[in-house]
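The structure that follows is given in the form of structure tokens.
Chain nomenclature is as follows: A, B, C and D, assigned in order of appearance, with residue numbering initiated at 1 for each chain independently.
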Amino acid sequence: MVSGYELKIKMKRNSSTKKEQQFWAYIFLFFPLMLLAIFVFIPILFSLVISFFDWELMASQQKFIDINNYIEIFGDKIFYKAILNTVLYTIGVVPIQTMLALFLAFVMNQKIRGRTFFRTAFYIPAVTSSVVTSIIFVAIYSKEGLLNSILGIFGFAANDWLTNPHTALISIMMLNIWTTSGYFMVSFLAGLQNIPNSLYEAAKLEGATKRQQFWHITVPMVRPVTYFVVVMGLIGCFQVFDQVFVMSDGGPNNATTTMSFYVYQNAFRYFRLGYGAATAIVLAGIIMIVTVIQKKYFPPNPY
Amino acid sequence: MRAIKIQKILLLTILCFGAMVYLGPFIFSVIVSFSDNKNLINQPGQIVNSGWTLRNYIYIWKDLPFAIWLFNSVVITACQTVTNVFFSALAGFTFAKLEFRGKNLIFGAMLASLMIPGIILIIPKFLIINEFRMINSYPGLILPGMITVVNIFLMKQFFETMPKDLVQAALIDGCNYFQMFWKVFIPNSKPALAAVAIYTFQGTWNEFLWPLIATNTSEMFTLPVGMASLRYELLTDWPAIMAGTILVSIPTLIIFIIFQRYFVQGVASTGGKE
Amino acid sequence: MATIEIKNLQKTYPNNHYAIKGIDVSIQEGEFVVLVGPSGCGKSTLLRMIAGLEDISGGDLFFNDKLMNSVHPKDRNIAMVFQNYALYPHMTVYDNMAFGLKLKKMPKAEIYQRVTDAAKTLGLTEYIDRLPKEMSGGQRQRVAIGRAIVRQPDVFLFDEPLSNLDAKLRVQMRTEIKRLHRKLKNTMVYVTHDQIEAMAMGDKIVILKDGVVYQTDSPINLFRHPENKFVAGFIGSPAMNFVSGEIIKEEGLYFVTRGMKISIPPPLQVSMERYLGKRVDMGFRPEYVYDKGLEKERRLSTDVEIEILVVENVGSETYNHFRLNGMDTIYSYRSSSSNVHIPGEKLTVGIDLERLHFFDVETEESIL
Amino acid sequence: MVKSTLKYIMFAFSLALIASCIRDKENTIRFSSWQSSPSEKRLTDSLLHCFAKKYPEYNVKFELIPGNYSEKIQLMLGTHTAPQVFYVKDFVAPSYLRYDVLQPLNEYIDKNTSFDIDDFYPQFLDAFTKNGKIYGLPKDFGCFVLFYNTDMFKAAGINDPPKDWAELEEFSRKLTKDTNGDGKIEQYGIVVEPSIDKLMPFVFQNMGGFQDKDGNLTLNTPEFQGALEYYYGLYKKNIATIPTDVSMNNTEEVFGRKRAAMVISGGWFVPQLKDQYTDVNYKVAFLPKGKQMATIAFTVAYSSPKENSLKEETWKLLSYLTGKEGMKAWTSTGIAMPTRKSVAAQLDYIKHPEYKYFMGSVDFAKVFQVEYNERWYSITQSAMQAIFYQKADIPQKLKEMEDDMRSLRLKK
């Protein structure tokens, strides 16, 4: 490396710090960019290409079928069901986890003994492998599992949460809220601690109650964090996969087939890689439209 | 005064209840994993009354390829975390402190790629790795995770807060740009490096979709993939499965408790900025 | 030690913005040269070009008659002290100073010798194992200087090294750097935006504005004989007063403006002839305005009636701000602290005719 | 700091390096299968052990594939990581055979006259044959029979297993009981599941099928629908249960844990009963007759990928495993039935009190193969679930299934 650099100096008599920087910058970026190209940039384009093929893993030659995959998507009932499930999932999870996280953060931000313990407790689900939490919840949700025995104490009839098509998706949603709310709580907590105390003091002088302080100072001041939490929540929910794979395998009767899971199924169970790529692209389109809409109508900081 | 006291008690009650909800499943899983009653899930209320045993852990460890999965997870996580942090820091430094042609273009492309949902990459990534004949191998598992745009972004933001004078001082002291990066900037970015490292560690250790797709044989599985396969292999042998979940969780838990400060800092630093 | 020769040096940015528009400066061996000017004048850029941290877009830079344009900073045998000290936060004082030497693969013993010597010179011996964050601003500044000293460079470059210190410390460090210069006798180039600092420190001062040298001279010459209106206004505190007026001829040349008629001193009569009937700017320093009632010996101008607006008493002296005859501009006048005026006081003053400056309205050049 | 970081990097990379160096020996034959029970695993191990004894120059490495076996094998074939020898299930065979990825074995079979290909039952060999080329050698077969709990039957006063649909329903009703009087049913007559495999015997018994000879779907026919209505009826009438209703994973477990008196299962269940559910007294019977006697036969073949650097070695293993000697060793425990006539005769299974029902089923058992993309299974599975969990309308569902599947037909 060094000799190359010296060579460069010799070659360019009028070499300069700018040229030198450029030279090093390209060296530094070479490997990262190569990896990014292979595993991010090229795949994005490649994915588009695949989606126009009837791409089969074991076939020696792939068949170009122009937009037939996309045509099939628009007549595919399960695809619509997957979109519906994903949307329901997102609508159910994002607001609740955001509010819960804000609530927890607000409670935690009071002067309370054992804050570190509670923070750790709330955060642990977020750092645990999604496969692990999913498996634990399969046990909890099973017909004779923990949830039903607790509900039984209050006289509720046992329900097989994951094989009942009416409750399967909701069960996974609850798991998701349980895992992520602690994570986002920490984000909110950081946001809350960044609010200058003087604002609260000023509000107190003007006679604002605790509740008014919460709605008129806390909520607007953590808006950038809220934005971040909502965006991350949306992205996470739109791509939920692990829980579905472990807990319900998309069933019963596709009640929990989400978009990501459907992409996976098509590509790696039915080996229809072209069709899978096409569904992924449609999904990506939907996610991007939602983010654009969100950016437009719910900007991070309107002030 | 009394109102404040009542309020405090109320808050504490809420928090304790919350802690129960958040920790309960893990406690449940620990209890089940030590139980010697395979049927216990079928007999509600008897969880605690059953006998205690280490048998489930012994079974998981000795009769299942758990040790191999653990080894795989450790190798992959170690390689990915180290290289990812290194490359992210290097690229972040380059974008933050060096001027070069095409900088804005490259950085713009990277930012744009953040907008693309990851699911779109899975199929082409699989096909590309397959072209390299790397499916079901360590390189196939490690390479795609060696660089993350978000980490580059975080490191860039961090390096931008460091004064430009340091660059010039190092230049005059006779550093080349790599020495400058390695001897001046890296030693001064421990908190950022730790946050990125811990994030990467956690993400890699828990990563499921890619190893699921990129591995075929049990001896290449990582812990999460192995665990997921146990779900169907052990079926309702819940004590054994729960023993597995506990074993998988312990490393993350240890890391989390040791580095909690950095975790929280990391969340705060990513959450604060958008 | 080295001489520095800057010839028609230029700096252009890609957006065709000229930061430095062809500068010529020559610096003698062992000279202490200060580059001064308002912010954005290009003084730091010029310094960084000397250091090799910025590319040279045009012109030549010589050290000891050797062309330096494309020499790497580390090979120019220079040392630089930065505004923000730019100490390596993770290194102790010792390591900070030794870092450059280590990179040069200097023997350990010699590094030790040099660093301890420098530490002794700067009074840092007892702090040698501390980290920068454990030290005060002044101490850090010393470390930064120490780091420069140990390299035993041909040229020291200072980039506003004192601007982050509080006023008192700044004055103290100023003398210390001067003392250091006297001891080391190195060529030093010093950048500051503070003209007082420049006047106090420089053997030679280069005044820059918008990438152009306005004047290069010794401090006293700059004060006495500014070559243009900018330099005249930049040097001195409070700044020089300017008033615009016309040249008329009665029994000799006069400068007239509302309520003021000042006869042009004889040495200037000839050159002012050209401006007869034209507008010129006249400048006079607050130091050379006198209370007619008190000052009898000097040759003062005709009476000027003023009304004091604001009085600033700084202890040793007093700055009185006033308006001239309904004009908007506020002028100042320095009086001794024994002669205290009060706002609203009306006063008759005169200006020392020996100390007048006249400037061409268009070129802003001094008329001599 | 710098040095310790370097150390970590070196450590991580050396780990990876070591890990990737732990490679198999050059001439190792990789062998993959799923495992339905620990007893099957033991059997596989001993069989491979015998092979190793006989041919010590070959290394065979067993790689277990848990969960989603067929997908994984197809993925491995597609990703150049397939083992040299692996199981192929009969009903996914068409999707394997459609690509040119399996090794045709005719050449080897022809060379080795002692292998005696004609000894195989032809219907099992046919399942792996395309255009006259044999791509897999059936190692064994199994078929659905009826297991019934003799204690429960005795307690309900029934002596013989049900012979036809009417008896099956009648007996089930009698066997469904609330044994401890808590108002909930503890014991069901039969355990069924919302799955196409368990339904198909009933369809065949009702003279129906999944597809006709030309490959057109025949779901929307009275025969298919009648079978489905009867099958679902058992559950609807609350005389049958499904595993999830009692928090279990499969029907065998429900039977083993004495929550149901009857179960439809295959030979692989026998060792499980003997190992795990030792307290269950049971007997085996032919499936009850509908319009005709019928059941499904499952056969599994050993196949080998075309992309294989150890073809000769592979053939050695294949021919050992499916040869007379290997098959005898494999099937002598009764885990599965032999697909060679000679082995069946040798083992005398035709007269065995239990196995005779498996061997006897060969006469009327059908091999179930579907010539549609893998997705057909998920579609039918979803439909079955919709019927069982959501009480979906059966005729309408059948029509939907046909519509959804039509475009998935495999290209020739």
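Some points to look at:
The rule we apply is simple: a residue touches a chain if its C-beta (ideal position, glycine included) is under 8 Å from a C-beta of that chain, and two chains touch if they have at least 3 such contacts.
Every value quoted in this text rests on a predicted model; they were computed, and no experiment measured them.
Averaging Cα atoms per chain gives one point for each, and the point farthest from that of subunit D is the centre of C.
Of the two chain pairs examined here, B-D and A-C, the one linked by more C-beta pairs in contact is B-D.
Between the CA-based centres of subunit A and subunit D the separation comes to 38 Å, rounded to the whole angstrom. Averaging C-alpha coordinates per chain places the centre of subunit A 58 Å away from that of subunit C. A straight line joining the Cα centres of subunit B and subunit C is 56 Å long. Residues of subunit C in contact with two or more other chains: 52-53, 73, 90. Along subunit A, residues 17-18, 20, 57, 142, 144-145, 268 each make contact with two or more other chains. Within subunit B, contacts with two or more other chains are made by residues 41-42, 130, 171, 183, 187, 228. Taken as a graph of touching chains, this assembly fits none of the simple shapes: it is neither a line, a ring, a star nor a complete graph. The full set of touching chain pairs reads A-B, A-C, A-D, B-C, B-D. Contact residues of subunit A toward subunit D in the complex are 56-60, 72, 77-78, 142-145, 160, 163-165, 250-254, 265-266, 268-272.
Contacts from subunit C toward subunit B in the complex involve residues 48, 51-53, 73-74, 78-80, 82-90, 99-100, 103-104, 147. Residues of subunit A that touch subunit B in their complex: 1-2, 5, 17-18, 20-22, 24-26, 28-29, 31-33, 35-36, 38-44, 46-47, 50, 57, 104, 107-108, 110, 112-114, 116-125, 127-133, 135-140, 142, 144-146, 148-149, 152, 178, 182-183, 186-191, 194, 224-225, 227-229, 231, 235, 238-239, 241-242, 245-246, 259-260, 263-264, 267-268, 273, 276-277, 280-281, 283-284, 287-288, 291, 300.
Per the touch definition, subunit D reaches subunit A in the complex via residues 68, 71, 74-75, 77-79, 99-101, 244-247, 373-375, 378, 381-383, 385-386, 389-390, 392, 404, 407.
Those residues of subunit A that touch subunit C in the complex are listed here as 9, 12-18, 20.
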